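Worksheet: one structure, shown below.
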Amino acid sequence: MELIKDGKRLDGRGFNELRDIKIEVGVLNRAIGSAYVEWGRNKVMAAVYGPREMHPKFLRDPTKAVLRCIYNMAPFSVEDRKRPGPDRRSVEISKISSEALSHVVMLERYPNSAIDVYVEILQADAGTRCVGLTAASVALADAGIPMKDMVASCASGKVNGEIVLDLMKEEDNYGDCDLPLAVIPRRKEVVLLQMDGKLTQDEFKKAYEVAIDGSMQVYEIQKNALLKSVNEVKIGE
Amino acid sequence: MELIKDGKRLDGRGFNELRDIKIEVGVLNRAIGSAYVEWGRNKVMAAVYGPREMHPKFLRDPTKAVLRCIYNMAPFSVEDRKRPGPDRRSVEISKISSEALSHVVMLERYPNSAIDVYVEILQADAGTRCVGLTAASVALADAGIPMKDMVASCASGKVNGEIVLDLMKEEDNYGDCDLPLAVIPRRKEVVLLQMDGKLTQDEFKKAYEVAIDGSMQVYEIQKNALLKSVNEVKIGE
Amino acid sequence: MELIKDGKRLDGRGFNELRDIKIEVGVLNRAIGSAYVEWGRNKVMAAVYGPREMHPKFLRDPTKAVLRCIYNMAPFSVEDRKRPGPDRRSVEISKISSEALSHVVMLERYPNSAIDVYVEILQADAGTRCVGLTAASVALADAGIPMKDMVASCASGKVNGEIVLDLMKEEDNYGDCDLPLAVIPRRKEVVLLQMDGKLTQDEFKKAYEVAIDGSMQVYEIQKNALLKSVNEVKIGE
Amino acid sequence: MNIEAYLRKDYITNLIKEGKRLDNRKLDEYRKIEIQKGYVGEKASGSAFVKLGDTKVLAGISMNVGTPYPDSPASGIMTVNTEFRPMASPHFETGPPGEKAVELARVVDRGIRESGSIDTGKLFIEDGKVWIVFIDIHMIDDGGNLMDAAGIAAISALLDTKLPKYEDNQVIRGEFVGKLPMTGTPVPCTSVKVGDTMLSDPATDEEYAMDSRLTVTTTTADMMNAMQKGGKGSFTDENVMQAVDLSFKHGKEIRKLVEK
Amino acid sequence: MNIEAYLRKDYITNLIKEGKRLDNRKLDEYRKIEIQKGYVGEKASGSAFVKLGDTKVLAGISMNVGTPYPDSPASGIMTVNTEFRPMASPHFETGPPGEKAVELARVVDRGIRESGSIDTGKLFIEDGKVWIVFIDIHMIDDGGNLMDAAGIAAISALLDTKLPKYEDNQVIRGEFVGKLPMTGTPVPCTSVKVGDTMLSDPATDEEYAMDSRLTVTTTTADMMNAMQKGGKGSFTDENVMQAVDLSFKHGKEIRKLVEK
Amino acid sequence: MNIEAYLRKDYITNLIKEGKRLDNRKLDEYRKIEIQKGYVGEKASGSAFVKLGDTKVLAGISMNVGTPYPDSPASGIMTVNTEFRPMASPHFETGPPGEKAVELARVVDRGIRESGSIDTGKLFIEDGKVWIVFIDIHMIDDGGNLMDAAGIAAISALLDTKLPKYEDNQVIRGEFVGKLPMTGTPVPCTSVKVGDTMLSDPATDEEYAMDSRLTVTTTTADMMNAMQKGGKGSFTDENVMQAVDLSFKHGKEIRKLVEK
């Protein structure tokens, strides 16, 4: 399938260009912190509850809080309805998202507690795990939970032989490779990294750099959204 | 389908007439209280255990007992075998039955405890939730658990344009509306009320009154069964 | 199906002859005790963990340890793949295996504890419950858990009208009866006994004796394997 | 939470005894309703995001092709599923639907089914093949009265739904042949009893304080299709008739918003 | 409950050592058996309510049409399901069948299956279609020895079962073409060992006190089809042979009641 | 266990800081690998028992016939299932696969799937019928690095697999028409970070001490097909590039053993 034409992608983007990203902070009333992210045609909400009592008790850690991120796709988020409930894919994404976020949250401050992060994919169009992680990180900040750094996330991939940033659905379906990644921007280290498809070692290096750069751009958008929300609150007070 | 002919229903009943109801009290040896009800072609057993220790512990209420009513249809109770285990319908009926019974049982007397009520539909022919609630209420009385009042239950409905009492299977399947209801007879207040089908506001008022009256008739049958059982015990002693 | 010809069975065995049995002791590094048994074309591993803390807590017995044996068939152990997870057959075999082993282990010595025995059928060719129990018993001995006796197990059955020992797959599928049994060799009492098929009372008596004798032969093989393993350790030290 | 809940319940009960509500509404007044149809319009066949005060619910419709029920081989199928996502409330947990989620789904289902709002006769494709209308209701933020918010979201999403093209035994995603055939707009309206007082559209705190709940689903100015009592309290005849009246009244107003 | 159970166990064990039982039965004596066939006869294809002393069990048979197993395309299918309803005992819980329920179902199943009592060859309808015989056993009141009560209820219900009419690819409910074709009457009889003593048909208290259990299912005066040892105790050869003898003896008596 | 684990973690971390490992391996050295193909060769279509040091894993392949996915009607199907049997580790429990088992299965699956190693185009039988390749991986003894052991066992078992004969709509067990068509040998290689040090093929104790893990699946000297980071730590660019280098290097060696 011809995904690149005259150096441009199906939606007119250049190789290293992100889709449009819009972040809203504090969109829910029950959650301690929350965020809504529109990213291309993805629509994702994240909510944070906690630190709160950990149930069941035998999962408590007396030295720190346990962060649990649950990634879930709404049945109507994809064209062919997804059956409700966790499947193997969402179990895997929940696991690696929990691990990435655990790296930045100062869990030691809340022994025996749980910090629950819920990511709901309301509309899905490739890259949802990166969108979810980006939203979750903003929601954690909105909740005022102490963090060493943010988590910013973006995928790169290989499409018609070219390394490109931030695959959309068609590129994900008919491309050669997908490489989702998340960074902690201050130290520029990766906390999530996956790949599936076909890449040579050199292509990997390039795709890796592209994804890091993309994630750093996402970080700027996260920061702006958080700053704007803080200012809004100040003005509102 | 012609369900009413010459002012009579399929089984010859008038509009406000109940099916035959037979109640036996204290039919089981293990349960603290029990009852067996034949109501038309319905055959239903109810058993009460408790007050007893509540498991799991986190469901305990330090201010009162928790009453849990489980409604269950035997696989052979209907012509096309019902798969064993709870389905959405039985979960709903269990919930609203628990709520209705909780209203009359003096739960405050048994903090931290559970009172378990089991309703088994052995043969089903429309109106089983009303039969089950009627049986459960007698079983609670048989168990000697203090109650502010009984729960008496009966449905009304609309069949061939007429409001009638206590639908049988054919009327339930081919009628226009079903309205199950339960009352606490002394104060004549409703503790269960559902409706599905098509009713105007005026029809609703009429169907509501018919169901209340039917439930009060059921109450008399409950009382007689309980009185008879007490006398039998006295004679037997 | 002709399963017996000229007084010999399909694989050349006589009526009272066992298949080849090979037992290895201490084959796993994580488990406290373990055994591997090749018995005809069966390949079975058993592992023992414990005495260890019992979870969930409400299953603890303050007077003794609880022994739990879990029998499991690997999906690839049979020609038509077995779906992973417990089915009704494996639940039943786990129960009766637990009961048989509980009889010989000195459970009173470890109140509140669990002793877990895991039996994995890696390749199945009839008689797996007997092979599993035989392996489990050796694994318990390897774990150094105090026992009053061993458990030795073997089936007999009826094939083409003859009572024979230790059915192989074809005999199990096309024979008339299967009678698995387990003994505690010192007192020669049975701790597992099942039968399904067709037997007269006289045939049962004969089949029962044949299975007891077979189990006693198995016991000798178990003892030799354990003695050999002890000697090996001594030499190795 | 428990002690706070009890105190809060007392406070609310006393307030309502004086005819007042926390947010200064009248006893029979609904919170502001906002309906955004097509909220997730690029993948789902229909959708609606509903705000009822600060309660937020998102319903999405998926149109799939499947086998009809043996006893109605010429009719399409509808099914309602509710997701009480833990995002929406500190009291919701992951796992299969609990009894509240099941009850809510079934009450919304009955209103739509009994009113015949979906013209399932027009959802026949060919022998053994009909459209299945999946109505999935996602709870986003539970500020009270999820029942009405969910029912409004479901019917709004249905009215937003397009019928996909079906060709060569395949659903052609993204191409549509028209709207989902709809013939009515059932709207559930809930009243609750706090002490001896009936009030409309309870907020979270009022749900803590309530004794019982009555939901009535009306489809026209004089037709009701479903009713459900919940909670451990009881209703007098007057309570019931008042709730029915209120439901017809509010149903009429809300129906206008939904059909807009 | 535990301490009471231990004391009770001691008491029963001593009593039985003296050759006595709580209800004055002889060691090898069954409680009174009452069988009411057709107990739920208006919906199920067959049924039987069994009282064994104060143990009560209800079995119902549902006849459905389904696909045969690939390896026996011309034979009907039978399946046994047991429901240890929490109504029947303070020790039963809601939820999927536990190991006791599974074991009981499988032992009853084996007795019926291995004896060939259901003539499954006559349950063939047409290519790819056979009758499925669902045997559902509902425990009502557990006064001990559910195994025998369930087995007796199952075979009694099968003997009560009518074969529904099947026309135009549909089961015609309420119309029948004859009886379910049966060729034998397997009856499980259980003995338990308390101390060194074997006794028949244990009541609840005797089950607490027992070391182990042996069930033998006989179908004629000289044919056994299933056997199951349960419990953590052991049996001597004599115990086993005694239990087998008793099972043949009682099986003969009970078979008369079942076939009446 | 927890306190012991913490102390152990400290000990290991310090050891590795000095460039040493408990078993005297070099930081980038694998433990001894033994592969026994056909280990359960009499029932399964293919199998391999793998020892990686004292980690033991058994993979078995079952070939069944089933329906293709609608979107690729001419291709066979593969599926990976992992069983973290409680036999293998005191930390594994019975029950459905946990998140670790799911992750491992999916990483192994991706390596095989994305490399196209199984020539699924040759697994077409007839319209609506294709071969399903069930890859079941049984954990036997967890001495660390189950990921690599499982991946090596899976691909070794696939290379051992024979294609059964299929005749008259039936799989003829025990008769074969050839080998499963394979076109590549994906090998997952795992590096972990302990403190600031990267090391290959972690043993159990090193897994306790590790911050994070990176698995890279290579199929040729210059083609990678899957990658997975795990654990709560982070990686620098250098860590990542080093892990990739090591995976290509070890992959080449291990591929020789697997293909032998």
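So that you can tell them apart, the chains are marked A, B, C, D, E and F in the order they are listed, and the count of residues begins at 1 in each.
Methods note: a contact is a pair of C-beta atoms (placed from the backbone, for glycine too) under 8 Å apart; a residue touches a chain by one contact, two chains touch by 3 or more.
No experiment lies behind these values; they were computed from the predicted model shown.
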Path length in the contact graph (chain A to chain C, fewest steps): 2
Chain B to chain E, fewest steps along touching chains: 1
Farthest chain (mean CA position) relative to chain E: A
Taking each chain's C-alpha mean as its centre, the one farthest from chain C: D
Where chain A and chain E are represented by their mean Cα positions, the distance between them in whole Å: 57
Chain A and chain F, separation of their C-alpha mean positions in angstrom: 27
Chain A-chain B separation of Cα centroids, rounded to whole Å: 52
Distance between chain centroids, defined by C-alpha means - chain E, chain F (Å): 48
Touching two or more other chains - residues of chain A: none
In chain F, residues with contacts to at least two other chains: none
Going from chain C towards chain F, every chain in order around the ring: C, F, A, D, B, E
Partner chain C, residues of chain E touching it in the complex: 99-100, 102-103, 105-106, 110, 113-115, 212, 214, 222-237, 240-241, 244, 248
Footprint of chain B on chain E - complex, ascending: 39-40, 42-44, 47, 54, 56, 58, 60-62, 64, 81, 83, 85-90, 94, 96, 134, 136, 138, 140-143, 173-174
Chain A residues touching chain F - in the complex, by the definition given at the top: 88-89, 91-92, 94-96, 99, 102-103, 179, 184, 187-201, 204-205, 208, 212
Of all residues in chain C, those that touch chain F in their complex: 28-31, 41, 43, 45, 47, 49, 52, 70, 72, 74-81, 84-86, 116, 118, 120, 122-125
